[in-house]
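The data blocks that follow each hold one structure.
Here subunit A shows up in two complexes: once beside subunit B, once beside subunit C.
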Partner chain A sequence: MLTEIAQLVLNGLMAGTILAVPAIGFTAIYAVLRFPNFSIASQVTIGAFAGYVANVYFGLPAPVAVAFAFLVSGISGVICDEVVLRPMRPTGPLATAITAVALTIVLENVVRFWFGNDLRGYDLPVLRDWRFGELRVSPQQVENLVIAVIAMACLFAFLAFSRMGKAMRAVADNPTLASIKGIDAITIGRLVSFVGMGLAGLGGMLLGLDTSIDPLTGFRVILTVFAAAVVGGLGSIPGAVVGALTIGVAEELSLLVLDPAYRSAIGFVAILLVLTLRPRGILGERAF
Partner chain B sequence: MSIISIPSRRTVLAGTAATIAALAAPSIVRAQNGPIRLGALNPLTGAGGSYGPTMRRAIEGVVERVNAAGGIRGRMVELAGEDTQTNPDAAVRAARKLIDVDKVSAIMGTWASSVTTAVAPLCWESKVFLTTVSGSDTITKLPHQGYLIRTQPNTHLQIGKLGEFLLSLGSKKVFVLAAQTPFALPSQARLTEVLVAGGSEMLGGVIYDKDKTSFRSEIDSALKAKPDMIYLNGYTPDVTIVLRELYKAGYEGGKIGQAYAINQKLLESLPPEVTEGAYTVGPSPSVDSAAYKRLAAFLGKDDLDPYSCQCNDQASLVCLAIAKAGEASGPAIKDAVRSISQGPGQKVDDVVDGLKLLAEGKDINFEGASGACDFDAIGDILTTNFRYEQAQKGAFKLLKIAA
Partner chain C sequence: MENYIVAMLVFSGLYGLMALGLNVVWGMAGMINLGLVGFFAVGAYTSALLTKLAGVPIWLGVIAGALAAATAGVAMALTTAKLRGDYLAIVTLGFSEVVRIAASNEIWLTNGTDGVSGIPGPWRGLVTPEAFNLIFLALVAIVVAIVVFLLQRVRHAPYGRVLRAIRDDDQVAAVAGKTVIRFKVEAFALGCGVIGLSGALYGHYTSYIAPDGFVPLITIYIVLALTAGGTGNNYGAVFGSLLVVFFMESTRFITEVVPGLQPVQVAALREMLIGGSLILILRLRPTGLLPERSPQITLAEEKAT
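What follows is the complex of A and B.
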C-alpha cells in the first residue's frame, strides 16, 4: 500500500510539473491582460507540432526541438493576440474569453489543415523504465521534468531580475500605476503573450514526448490547466506551479478510492472546492 | 407610358390558382418532385478522424454513381455532410442540422457507440432512418422502432470471437484495460463468459478516462494482477499511449486489441518494438467481392478499412430502399430496406445494377463490399467475416480470415 501511494505521488508530481508549464503561461497572461485566454489550448497543440517538425523533419534532438516549440507558439500567440484578441479586449473579459475559445477552434483546424488528424509520435527511442525497488520512473519523464524545471527557473529569473520582467509584474500588480510610471502596457501585453504562449507550446511538446500528438492534444489538457491555475490562484505564477502539482497528485491519489474513469472529475471538483472555500486560490492572486 | 408591365387580371388569377393548388397538395407530393436529400454524418475529426474522410468519400461515391445513372426513379440525390468530431455533443448538433435544415430522410455512417447512442433518439423521433457502423450491444436495444440498422457486428459477436481467439492462443490469465465507452462493461462481461467457459481466467479490468495523457497508474494496477494477456479495449489515441507505457513498464506478455484501435496509423506512430506481437481482431470486408474491388479502385487504395466498405453499402441500401418503396422518407426506407438487403431476390453488388433491376420490377438481394448485409428484426447484422492479424516488425501479418 505504501509503495502504491509513493508511486502515485511520484506519478502525480511528474505529471504536475509538466502541467505547470502551460498553467504558468495561462496564469501569466491572465495576470497582465486580465482575461482567461483559452486559446492556450491550441498553442499547446501548435507547440507540440512545431516540436514535431523540428524533431522529425529537421532531426533535432528533443531539448533543442523544445526551444523551437517555445518560439513558434510564442510568435503564433503574439500574432493571434494582435489580430484577434487585442481588438476584442475593450469589450470586456467575457467577450474576449469567448473569442479566445473560437480562436482555439480555428487554430486547431489550421493544424489539422497541415497535418491531418493522424496521430504522430516523436522520433525518439522508447526506453524502458528505471526501477528503484518497487518504484518505477521513465527516463523520458525525468528528461521532461528537467526541461520543465529549467523553463520555470528561467521564467522566475526573468521576472525577478530583468527590467522587462519587473515591468510585467508592475503591470500585473497595478496597470494604472505602471502606466503613470511610463511602462507601455501594449508592449508588455505582447511580451506576456509571447512568453505565456511559448510556455504553453513548450508544455505541449513535453506532453507529446511521453505520449503522441494530434490536433486535439491541447484541447484535452485545457481543463486541467485551467483547474491548476484556478486552484493555485488565477494570476499567480507560483500559484500555478502549486496548483498544477496539487491537481497532478490529487488526480493520481484519487485512483485509490475512485474508478480511473472519473479522473477528469478531479479537475472540476478542485475548481468547485477552491471557488467555494477560497475563491482567490491557494496563493491568492499576486502575480509573483 | 409605364415602364412596368402590369400583368393582366387573367394571368394573376391563373397564377394564384396554381399557387393555391400547389400549397393545397399534400406535402409528400411536393417533396416527390424535388431532389432526394440524404445525410452523411461521419467522424471527420477526433478519435475516428483517420476513418471519417474515406467513409464520407465512399458515401459520396455511391451518390455520384446513382446520379450519373439518372438518379432514383428520375430524382437526383443530394448529399448533406456533417462532422461528428467523434463527440456526442457535436454529433447531436450536426444531426439536428441535417434533420431540421437539410430535411434528410436518412443519416448514414455514424462511428463510435457514444455518438450513435446520442444521435439515434433524434432520428427515430423525427422518423429519419439511421445507418451506423457502431458495435455496442446497447445500440440496437434502444427503442428505435426499426429506424436503425448497423453493418458492424455487435459487441457480443465481436468479443465472442476475440475470446475464442484468445483461448486458441492459450491465454490463461487475461486483464482488460478499457476506455470509458458504452461497450466497456458489456465487453468485459462477455469476454469473461467466453474465457471462463474455455477454462481461462479473467483477472479483472480497469476502465480509464480516454482523454487523459498518462495512464501509468492504470497500468500499474493491470501489471499487479500479473496477466499473460491484456485486452486493450479503447480507441487509437489512448491505445497508443497505453501500448507505449506497457512497453516502458517492461510488460512482456500478450496484447490484443480491436482492429479499429490497433491500426496502420498506430503502427506508424510507434516504434516497432512497442507494438511487436500485438494481435488484432476485427470484422473483415468481403475482400474478394466485386463491390470491394470497385470501391478500392474508386478510393484509390488496395486495402480498405471495414467502415468505408460499410458506408458504401449503407448508402447503396438506402438508395435501393427508396427506389423499392417509391418514396424518399424515413418510414418508407425503414419498411423497404429488408426487402432489398436479403431474401430470394437476384443478388446484386452494385447500386446502379440494383436500381435497374428494381425499375424492371424484379426483386433484389444486395450484397456489398462489407459482406452480405442481412439484418435481423432489431437491425443487427446476421453474418460477417473476421480478420485476425498480428503486428510484426511494424507491419501487420494476416493470420486468418474466418467467419
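What follows is the complex of A and C.
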C-alpha cells in the first residue's frame, strides 16, 4: 500500500512537471493579455504534431523534435493572435475568449484535415524501466521530465534576467505604468504569445511522448491545464507550477478511490474547491 | 426529402430553444456559458431515463428534465456567482466535460457509451414515421412559440431591465439596490432550464441518446446561432438557429464541390467552416443579423403631446 502510494505520488509529480509547461504558457498569456486564451488547446495539438513530423518524417530524436514543436506552435500562436485574437481584444475578454474557442475548432480541424483521426505514436527507442527498490520509472519519463525542467528554467531565467522578460513582467504587473515607461504593449503581446504558445506546443509533445497523439490531444488536457493555472492562481507563473504539481499528484492519488475514467474530472473538482475556498489560487495572482 | 426537411426543422427548433436559453444567460444577464451541452445532456438523460425506466409520462419527464438542468444551473451559478466571467467560462466548459464523462462511465444508470435507446416518443409506433415527424415538428414549434412568448415577457418586464442593467454594469445595479447574485442565479437557472427542456425533447425525438451526442461542438453551434441571430434578441436566437442548421446541412454537399476528399476531411472542413464563420461574425457583425433593441418606454408626457 505504502509503495503503491509512493509510486502514485512519483508518477503524479512527473506528470505534474510536464503539465506545468502548457499551464505556464496559459497563465503567462493570461497575465499579459488578460483573457483566457482557449486556443492554447489547439496549439498543444499543433506542437504535438509538429514534433511528430520532425521525429517520424525527418528522423530527429525526441529532445531535438521538442524544440521544433516549440517553434512551430510559437509561430502559429503569434500569427493566430495577430490575425484573429488581437483585433477582438478591445471588445472585452469574454468575446475574445469565445473567439479563441472558435479558433480552436478551426485549428484542430486543420490538423485533422492533414493527419486524420488515427492515433499516432512517436518513433522512440524501447527501453526497460528503471527500478529503485520497489519504485519503477521509465527512462522516457525521466527524459521528458528533464526537458520540461530545462524549458521552465530557461523561461524563469528569461523573465528574471533579460530586458524583454522584465518588460513582460512589467506589463503583466501594471500595463499603464509599463506604457508610461515606454514599453510597447503590442511587442510584448507578440512575445508572450510566442513563448506561451511555444510552451503549449512543447508540452503537447511531451504529453504525447508518454502515450499517443490525435487531433483531440490538446482538447483532452485543456481542462487539466486550466485547473493547474486556476489552482495556482490565474496569471501567476510559479503558481502554475505549484498548481500543476498539485493536480498531477491529485489525479494519480484519485486512482486509489476512483475509476480511472474520472481522472480528468479531478481538475474540475479542484477548480471548484479552490474557487470556493481560496478564489485567488494558492499563490495569488501576482505574475512572478 | 420531405422527411429530411422536417427533421432539419425539428433540429432548428431544438437548437433554437438552446439558443433562447443561452440568450437569457448571456444575452440578457451577460454571463458566459460554455457548458450548454452539459445542461442539454442533463435534460436529455433525466427525461429519457424517467420515461423509459420509471414509466413516467413523457410530458412529466420533459418538465423533470428542464427542472434537473435548472437545478444544475443553480448549483453552478452559486459556486461561481462571485467570480469574474472568465472563470465562469472555464467552469462551465469543465462541467459539460464532467457530465459527458459521467454519462460514459455510470453504466448502471446511463448504459455508458452504448447510450440509451428505445426512448418513448409521443404517439411513436401508433402513427407512420412521417406523421410522427410532423407531429413532433408541430410540438417543437408550439414549445418554441411559448418559450419565445414567455421570454419576451421577461425581457420587457422590469425583471428583464434589471438583468440588462446587471449585464451592462453590475455595480450600478447593486448600487440601485438590486441583489445582483440572486438575479444572476435565477437567470442562469432559467436559461439552463430552457436548455434542459430542449435536451429532453431531443431524446424523445431521436429515441436514442449517447455521450457522443453531447460533444462541446454543439455548444459552438449554439453560440454561433445566437451570435449570428443577434445576442439579446429572442427572435434572433430562433432565426440564427435556422441559419446555422441550414448552413451546416448545406456544407454536407461539399463533397460534390470538392471531389476526392476522405470523409474525415469533409468532416474537418465542415467544422472549420463553422468555427471560421463564428470568428467572422464576431469580428464583422458582433450584434448579429437582428441586433438587440432595448424596449422603449413611452413616458407619460410624451403620450400627452
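In this section, the second predicted complex is superposed on the first by the 288 of 288 C-alpha atoms of A that agree within 3 Å, B and C clash if a C-alpha of one lies under 4 Å from a C-alpha of the other, contacts with A are read in each partner's own complex, and residues count from 1 in each chain.
The rule we apply is simple: contacts are C-beta pairs under 8 Å (C-beta built on N, C-alpha and C of every residue); 3 or more make two chains touch, one makes a residue touch a chain.
The model shown is predicted, which means the values in this text are computed figures rather than measured ones.
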{"item": "Side-by-side fit of subunit B and subunit C on subunit A, or clash", "value": "clash"}
{"item": "Partner chain(s) touched by A:102 [first = subunit B, second = subunit C, both, neither]", "value": "second"}
{"item": "Which of subunit B and subunit C A:82 touches, first, second, both or neither", "value": "neither"}
{"item": "First, second, both or neither for A:173, with subunit B first and subunit C second", "value": "neither"}
{"item": "Partner chain in contact with A:117 - subunit B first, subunit C second, else both or neither", "value": "both"}
{"item": "Partner chain(s) touched by A:127 [first = subunit B, second = subunit C, both, neither]", "value": "first"}
{"item": "Partner chain(s) touched by A:226 [first = subunit B, second = subunit C, both, neither]", "value": "second"}
{"item": "Which superposed partner A:91 touches (first subunit B, second subunit C, both, neither)", "value": "second"}
{"item": "Touching partner for A:262 - first (subunit B), second (subunit C), both, neither", "value": "both"}
{"item": "First (subunit B), second (subunit C), both or neither touched by A:275", "value": "second"}
{"item": "Residue range of subunit B overlapping subunit C upon superposition on chain A, of 8-16, 62-70 or 98-106", "value": "98-106"}
{"item": "Set of subunit A residues, in rising order, touched by both subunit B and subunit C", "value": "112, 116-117, 259, 261-262, 264"}
{"item": "List of subunit C residues in touch with subunit A within their complex", "value": "32, 34, 79-80, 82-83, 85-87, 89-91, 93-95, 97-98, 101-102, 104-105, 216-217, 220, 223-224, 227, 262, 264-265, 267-269, 271-272, 274-276, 278-279, 282-283, 286"}
{"item": "List of subunit B residues in touch with subunit A within their complex", "value": "44-46, 49-50, 52, 180, 206-209, 211-218, 220-221, 236-237, 240-241, 244, 247-250, 265-266, 268-271, 273-274"}
{"item": "Residues of subunit A that touch subunit B when the two form their complex", "value": "4, 7-8, 11, 15, 112, 116-121, 125-129, 136, 138, 140, 207, 210-212, 214-216, 220-221, 252, 255, 259-264"}
{"item": "List of subunit A residues in touch with subunit C within their complex", "value": "35-36, 38, 84, 87-88, 91, 93-95, 97-99, 101-106, 108-110, 112-113, 116-117, 219, 223, 226-227, 230, 234, 259, 261-262, 264-265, 267-268, 271-272, 275-276, 279"}
